[in-house]
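Next up: some structures, all given as structure tokens.
You will see two complexes here that share chain A, one where it goes with chain B and one where it goes with chain C.
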Partner chain A sequence: MHIEKNVCDNVVSTLLNDSSNKCKDNLKARKDLQLWGNRPDLWPNENGRYLPAIYTLTNANKDIFLKTLKNITVPDGYSSNISRCIDVKQRKLGGLKSQDSHVLMEQILTFCVLDKE
Partner chain B sequence: MDKSWIDMSRNPPQYMDGLNKFLDFAFVNSGVRGKIVCPCQKCNFNKWQDRELVYEHLILKPFPKGYTMWFLHRERKGVNVTNETCVMPQEDNEINSANNPMFDMVNDAFGYHQYSNDTVDDKEMGPESSHARNDDIGDFVELMQDGQESLYERCDKYSKLSFLIKLYHIKCLCKISDKGMSMILELLADAFEHAKIPRSFYETKKIINKLGLHYTKIDACPNDCMLYFGEDANREFCKKCKTSNWKAKRKCTIGATSNKRKKILAKVLRYFPLKPRLQRMFMSSKIAEHMRWHSSGSTNEVILRHPRDSKAWKTFDFKHPQFASDPRNVRLGLATDGFNPYGNLSTSYSIWPVVLIPYNLPPWMCMKQSSFILSMIIPGKRAPRNDIDVYLQPLIEELKELWNTSIKTFDLYGSEVFDMYAAILWTISDFPGLGTLYGWNTHTGLACPRCNFDTTPKKLIKGGKFCFMSHRRWLDGRHKFRLARIRFDGTIENRNPPLAISGYDVLQQVQNLNVEFGKEPLLEERAKRQQGVNHAKLDTQQ
Partner chain C sequence: MGPIDCAKRYSAYNVNGFKFRILEFDLWLKTQNSEVFGTFGTRSYTSSSEIQMQFGRVLYYGRLVDIIEINYHGRFSIVLFKCNWANTTTSRGIMNDEYGFTLVSFARLIHTDDNDDDEPYIKASEAQMVYYVDDELDKNLCIPVHVKPRDLYNMGGDDVDNFHECEPFEQQNLEILFSNEDGNIQLTRFFFLFSIVESFY
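What follows is the complex of A and B.
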């Protein structure tokens, strides 16, 4: 339960690339890649800047992703009303219960991410 | 009344006369609708029989030898039996005394069914247990008397014992404090003067305590170095850190009283002996039958509904056929975790209760709180961590005995004495708890106890965490990910998954380790402050 919730938080915030500590695609991770000597395309430069990874969404894509989530209606008692957890303006996702994380990971996220392509 | 006939053989006419006298007495004093409780070996004071049947039973089977005070047939000390007026048999009375659950409970608790058995059993059980039983008999008689004594005159509904037990039950359910109980009892005793209610909760507990199983207190070194147990029971100072097992006396402002103050033990382990608890499971009429469920209960190969359907259980049976041959041998699980008894998350205090789970019981019973066996309470402040081995000593000793040499146990369901063995199948804990129990460090790169040393952890220098990149080892041998260098850590993965480590391997690893138990002593708050002051002084001097 906890692990699933944590993974869901990490995946969603990595996709949305929000600057909170939940996002795993950060400068430290990139620096570690550099130390590892792997994937030179992802390495940061001297100023600590780095290029977006292939899975990072652009703002337009984020909007599509969040709008899809916003439009979802679920049957009664299936999960909480996920569309209420989404803040399209600030491009954020918050206030999910652990059950919602499960639904998101198992079912919703798969087609939301497919929508992007 | 002359009761010498009880010890006689059953042939001479004196026995017949005595028996007839007993029957006269019993039917006058405790007969209900022409029936009494039959004291014979087979009925065991449980069944109500008429006169002819009781007479027949007591001719065929011996009269119970120790039963000279006929309290179950309403004989009282100092009461002139012949003049006692006969209690009018009433319907309520019959129902109460015939199916009195209190008697059943007391009988179960003391295994009374044993006492009326032949003396052969006594020899089988060994001299120690029979001696212990003699001690118990006093308690048993007292309890039975309390159970017989009505709460007040002409009260058929409640005996003294049943009233107290029901009150105690309410106390436990509603979590009333001991003080609250004392106050209620005082009020009750004050209001109903003729009722036999004890004045304080302490006295109530004294009565009810006799039903329970007792625990032992074992002193421990406050720094977890050793247990004052076995050979070291009479020591005063720790073998390793030389700390006293008494708490340091506080400096008292009034000098005279300080000497009189009672000494307080620094740390006490509360240990609940396992053997009597297992024996009681077989003595209880409600549980004894279920203790062999795992072999007799219906099986369905497809459904996993009890650990007995698991592979581990079957492997255990295969490896130890002698143990598996008797379904009454007890299989246990051991669970432990730390918790803070003070309910206040800001105080750091963790005690570690160790709980044993009897897996012989059916699934609807074995994981209920009521069938768990609390084995010990490891006291806190600090979690025991690796030093848990010190505290588990008494349990391990008992388990070794239960594995190597059995103990004689009376099984009520089969009504026979058998040799009981017991084994621990597995332990239940969270991952840090596993580190505590298993002794494997679960924090660094080699955290996984299953992979053991056969893993390649990597520390992320910037991220400050460990990562385990050898997960491709579990893939199919020709999986394309095994060759994908760039997508993973830049290597080709050729290795097979790590081999499962067996108990023998673990033993090989651990055998020559010299583990030293014990921790650095905890500084008291005052000492800490003092230390802080000293540091500050040093700083200013420099």
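What follows is the complex of A and C.
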């Protein structure tokens, strides 16, 4: 029932690389890559540290990404007020409803991210 | 016999399944309902010496400023939308970026009613709704996102292909971006080399 919402949460969380367990780019995932002998540049070192992946946004880019989302105004009845779901200071995005996730995935997320490169 | 002298002005109007509101009212609100989009036939000449005229459909993006209803003595009435139109006839006003997204600039407007040729008004039935997402990097630019009306269903027929509630972006050219499929993509951010991310576990 909430597949789209969960995927959206995971994508956003992975992009922002936050500490919640929704972020799929974590130490365990990187260790799995090592186990499979795949993509050596993504492997963690022996201290359990690893390089950020190409899709992980830098802090500056995160700020632009979140600011773009924060400034979005949409027509009546399109989605909830997404700017309320964004914490620019802590660089977090939370409290989206399913419909917001749908709107984010289908329409907004693509150019919010592409903007920043 | 022309229309009667008095015309009605509205601040909001429901048409084509959308609710349009004028820009003046939208400024105070968290939602935006004043963004108008339409394709209109425009006469264009390929060069000044050419006699043959071309008639093409041009995309127009605008912001709704005024709604006027002209009454023809109670027999019928016409609702007109007055808009600030972005200059979508030049490459400065509308452009496609490298990812295939359309960017519209509202820095320069056209059809501002200064010349006799200008037509800032459109018929309400021709208006479609979009909303604009501001570009954080270039404040003049914004990206229009097209909206499909709610509770308006396509009952099949000729154009079954267009049956999307929200049109996903079609013109993305990811193949061009990632043309080298076989592992040549750089997977880590190398300018980060000295700031290795802390593990959260």
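Criterion: the second predicted complex is superposed on the first by the 116 of 117 C-alpha atoms of A that agree within 3 Å, B and C clash if a C-alpha of one lies under 4 Å from a C-alpha of the other, contacts with A are read in each partner's own complex, and residues count from 1 in each chain.
Convention: a contact is a pair of C-beta atoms (placed from the backbone, for glycine too) under 8 Å apart; a residue touches a chain by one contact, two chains touch by 3 or more.
In this text the structure is predicted, and so the values were computed from the model without any measurement.
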item	value
Touching partner for A:Leu35 - first (chain B), second (chain C), both, neither	first
Which of chain B and chain C A:Gly48 touches, first, second, both or neither	second
Larger contact residue set on chain A - chain B or chain C	C
Touching partner for A:Asn81 - first (chain B), second (chain C), both, neither	second
Chain B versus chain C as contact partner of A:Met1, first or second or both or neither	neither
Partner chain in contact with A:Ile72 - chain B first, chain C second, else both or neither	second
Footprint overlap on chain A, where chain B in one structure and chain C in the other make contact	28, 39
Sites on chain A touched by chain B in the complex	28-29, 31-32, 35-39
Interfacial residue positions of chain A with respect to chain C in the complex	17, 19, 23, 26-28, 39, 41-42, 44-45, 48-54, 56, 58, 64, 67-68, 71-78, 81, 83, 102-103, 106-108, 110-112, 114-116
Residues of chain C touching chain A in the complex	18-19, 29-33, 35, 97, 99, 101, 129, 131, 133-137, 143, 145, 147, 150, 166, 168-169, 172, 185-189, 192-193, 196-201
Sites on chain B touched by chain A in the complex	460-463, 486, 489-490
